[in-house]
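What follows is a set of structures for review.
In the two complexes below, chain A is the common chain; its partner is chain B in one and chain C in the other.
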Partner chain A sequence: MFKIKGWSLIRFYTILVYIWMFAPIAVVILLSFNPQQFGTFPMEGFSFKWYGDLFHNTTIIMAFKNSMILGSLTAILTTAIGIPAAMAFIRYEFPGKNTLNTLLLAPIMIPEVVLGVSLLLFLRWLQQPKSFLLLLIGHCVLTLPYVLLVVQARLVGIKRSYEEASLTLGAGPFQTFREVTLPLLTPAVMAGMLFSFSISFDDVTATLFWATAQSQTVPVKIFAMLRNNISPEINALGAVMIVLTVSIPLLAGYLARRFSRRLE
Partner chain B sequence: MTQEKSWKPWALLSPALTAVFFFLVVPTLFVIVYSFWLRAPTGQDIPAFQFSNYAKFFADMFYPGLLIRTIRVALEAVALSLIMGYIPAYFFSQTKSKHKNMLIILILLPFWVSFIIRAMSWINILGDTGLINYVLLKLHIIANPISMLYNEGSVLMGLVQFLLPFMILNIYVSLEGIDKNLVPAAKSLGCTEWQAFKEVTLPLSLPGVSAGSLLVFVLAAGTYLPPMILGGPQNAMMANMVFKRVIGTLDWPFGSAISVILLVLIGLIVYAYNRYLGISQIFKSLS
Partner chain C sequence: MNNSIVQLRNVVKRFDDVLAVEKMDLDIEEGTLVTLLGPSGCGKTTILRMIAGLEDCSEGDIYIKGKRVNDVPVHKRNLGMIFQDYALFPHKTIYDNVAFGLKYRDVSKAEIKKRVTRALETVRLPGVEFRKPAQLSGGQQQRIALARAIVIEPDVLLMDEPLSALDENLREEMRQEVDNLQSELGITTIFVTHDQREALSMSDNIIVMKDGLKQQEGGPEEVYDAPVNHFVADFLGHCNFYACRILGRENGLLKVEVADGKTLYSEHDEGWDVGKELELLVRAQKIEVVARGDTIPDTEVNIFDGIVKSRMYMGGEAWYFVELQDGTVVHAISISREFPFRDKDAVTLHIPPRHCRLIPKET
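Let's turn to the complex of A and B:
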């Protein structure tokens, strides 16, 4: 009797935590349909007015384009340098391995403001102006540890014997990587790319240091808009961002499952 | 053969190492070097080796107060995420629901949603015309809106919103790793449900609790956004001051010194954690 009561309390508590986690998201989506001038309660009516305004706001469209390009390039670049590094850590023994692994994972622990200042300081010393390239490099440093973690975790699960079998059957190391390791690694590559895309897409703090007026991203734009006041347009923009950032991993998961089913 | 093999990992590592060396290690060294430089009244930075930036930080209570607040808020964030995170993690590890995986994904889903939007939305909930005040006013529980925004509490709401999944995940992983026979064994020896939890499950989940706490502390100590969006000027933390000095007043040497102090704080915590874990590891092997 006591046990059942305790368990239902635990369940109730968990539900409360869920509500707490999702309340801000639900409220943004709800208020984005409020036609009122101020984006707050009470809800009076229902309209797509602010979404319409959003699509006519050229600076936001620009920021959106910037964010998409930056996120995609970051995802590609980070995965391209992250996968070989993960291979080295999982498949080989060499001196200083643990230290180097810690070094490559360090950006998780370093506050973003420090990363922001340091890269900017370096640029200043080189006497270069801020540019899109700076943003891209910075975002790669920011997202590399996450890609590394995801790919390493997956690589541990791939048996060495598959690769050895391929090698004994006469394939070269590169051919083995391309035809055995890489296909097995595809889910990890996808996950790594998604992770780095979404971290890059969401980043505010470091991007505030690095962005120029021309290379503003959506979150930085939202941050600037928040300084004035919270307008209903921000809620609409937030709702679009929510749908986009949540649907990408869900879609990728769905596609991956369909893809693997077809292979079987 | 071994000769050929020994260069291979280095070849694979070289792109990542080069990137991290040039764009992380070297720039961080720059910050340290810069923190000893002088700033001329004209705004120029003069190479030097002196401690005036650090002396300035500790000259009066203003900046150390910022440091203390940063540590306090980070500790509060750890406490809150523990209180809010342990029970859901326990629920996930014990539930027999067939939707278990979906439930876990669901709690991690907000992780994918842009943090600035989740932080901003607390204004919609806590603000004078926000959800809570609106409901309370409608129900005639209060006559005037309660002011809940722009204080340490609202900063913590935003902060924990961001950090809670890290804590839940860490605790869940260590709870999942506990041998499922231990609790029934304890109960067969006469333990009550609560005793079994207190004597078996809780101690065995501590590695996850401490790993989660470390991560939450470190991430909270370096936080910039929640105090900016949900706090007032009196809630500024170390990261906010770094930004203000570097981007606001262009005082690079002083901004660098604040960055270094923040780095040292985090470094000390990580170091202490490592030491502590080493000790607990010895305890584990003894018992």
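Let's turn to the complex of A and C:
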């Protein structure tokens, strides 16, 4: 007779957990290839129809463009701010350092709703209209902590003696940063950028508060579409989003590992 | 002025409330190799880093080539520094590592190439230009670090425990190499170490430090044979210490009484008053050990009988711990080719009066 051992139970249970976690995602991807209007199983045929519709839906293409531009700008800005900030926190002593560091990391702890509302209220107080700039600033606030954490962690691992050697050899502080610190920091900078991009790319909660009609992002657009009707286009869009948001962090991790291995 | 290339005047370094270096005066002559020797935390590395400009001094002045450099930033001081962990740039090739310092000096591309090649030849590692540091062994990396530092023709070469990461054999080899290179190039070198053998074998001058204070400064023989206090004596090698009192003078020798009533004679006499309490020190290597009954030529003083209590075979030398009749244990190191005595052997010790040193009593 088949004997059920403790370990096979655990294995069975683990498989169930994974199914529970990934089945909805798998269904979305599968149904996106279903030609019928209402997704049912078993699927009757296979087509790229909804992907085709997707590429002809101008508002979605607009939203996609917005998301890409927003994500890229957020990634560039946060690394531009994050690298010098991380340098300051790790390499220099100044009063109020710990407080400031906690403050910069706080957006991770604060619920996004609170962040969303407060930035909006702040804008009201400044008597400024909602705009793409607001969205960009908001996303930078959201993603900066992640960039900071990644870059700081790497910076701690870069021995001071590299920089000191460079200084004693005659390179000034800026040249030392450009020639020694930054190249050694590259994996973290890449990872930080990709993190920043993917967080910005799939943020819903805060973005709902900040987005205007012109500056809708893909997740916000999906949310809006879901309220009106359940079109299979959403499945296709969902599949695209899933592939993008899963592959980017994976790529980030891979790049980080490859670069750091090459440096050793 | 003298021909000191590096001078420290009243240099003090405080880290928050901790005094790392206390009122340090230092004169380093051009072309010499000077070692800062001391246990960890004695301030030796801090001094080196202050000379390099990697730390500020809290008080005092530092002069290089007669010019006050307190406010000159690191990259303008023209010094070569070798770090304990080599600090070769891991993302650059060996060529780019060695050429690094030349890029910031007015040197043409062709000249850089020439000088890098020559530097690599000097450290006996030609042909590794296009490898990465990780592809070289520890000793090779240290040579590249050396090449990188000397290629810029620095005024002073600063070395921060450069050999401590290497294993014993390699350390010996590199020690000779650094020493040869230094005398060949005639480059003023300040060497920081906690290894007294390194210090003794390489230096023109040794500065022994403890707790941020200079204890003694002098040539290797002077520091080793004529230590000024207990710490210096102990740090530089195996010593026997005995509290003692001056009894008087006999036949041109100083007669001292050791705590338990033994009398010894010493050639070392700085005119102390009779009755003065001092500490007697004898280096373990200077004590002769012979079998009981064997005669020791030309002397009748400082001879004691004892029993070998324990012994240690150290390869090139034999360590004996000899117990005298009154229970005092004497550490003697003999470098004879044989290892003749065993535990409980009856032996006679001879402590030559010229190797009996007297130092102030430890308080």
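Simple rule for what comes next: the second predicted complex is superposed on the first by the 225 of 264 C-alpha atoms of A that agree within 3 Å, B and C clash if a C-alpha of one lies under 4 Å from a C-alpha of the other, contacts with A are read in each partner's own complex, and residues count from 1 in each chain.
In this text, contacts are C-beta pairs under 8 Å (C-beta built on N, C-alpha and C of every residue); 3 or more make two chains touch, one makes a residue touch a chain.
Every value quoted in this text rests on a predicted model; they were computed, and no experiment measured them.
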| field | Room on chain A for both chain B and chain C (clash or fit) | value | fit
| request: In the overlay, answer first, second, both or neither for which of chain B and chain C A:Ile90 touches. | output: neither
| message | Looking at A:Ser161 after the superposition, I want to know if it touches chain B, chain C, both of them or none. Which is it: first, second, both, neither? | response | second
| In the combined three-chain arrangement, what's the angle at chain A toward chain B and chain C (CA centres, steps of 10°)? | 90
| task | Tell me which of chain B and chain C touches more residues of chain A. | result | B
| task | Report for A:Leu169: first if it touches chain B alone, second if chain C alone, otherwise both or neither. | result | second
| field | Which superposed partner A:Met68 touches (first chain B, second chain C, both, neither) | value | neither
| query | Counting only touches as set out at the top, which of chain B and chain C does A:Ala252 meet: first, second, both, neither? | reply | neither
| Looking at the overlay, what does A:Leu149 touch: chain B (first), chain C (second), both, or neither? | neither
| Taking the superposition as given, does A:Val180 touch the first partner, chain B, the second, chain C, both, or neither? | second
| request: Working from the superposed arrangement, determine the closest approach of chain B to chain C, counting only CA atoms, in whole Å. | output: 6
| request: Going by the contact rule at the top, pick out the chain A residues touching chain C in the complex. | output: 159, 161-162, 164-173, 175-176, 179-180, 183-184, 263-264
| field | In the complex with chain A, residue positions of chain B that touch it | value | 5-6, 8-13, 15-17, 19-20, 23-28, 30-31, 34, 84-85, 87-88, 90-91, 94, 106-107, 109-110, 112-125, 127, 129-131, 134, 161, 164, 193-194, 218, 221-225, 228-229, 239, 242-243, 246-247, 252, 255-256, 259, 262-263, 266, 270
| Tell me, which parts of chain C touch chain A in their complex? | 52-54, 73-81, 83-85, 87-91, 100-101, 103-105, 134, 148-149, 152, 158
| For the complex, which residues does chain A have touching chain B? | 2-3, 6-7, 10-11, 13-14, 17-18, 20-25, 27-28, 31, 38-42, 80-82, 84-85, 87-89, 91-92, 94, 100, 103-104, 106-107, 109-122, 124-125, 137-138, 140-141, 144, 148, 198, 201-202, 204-205, 208-209, 218-219, 222-223, 226, 230, 234-235, 238, 241-242, 245-246, 248-249
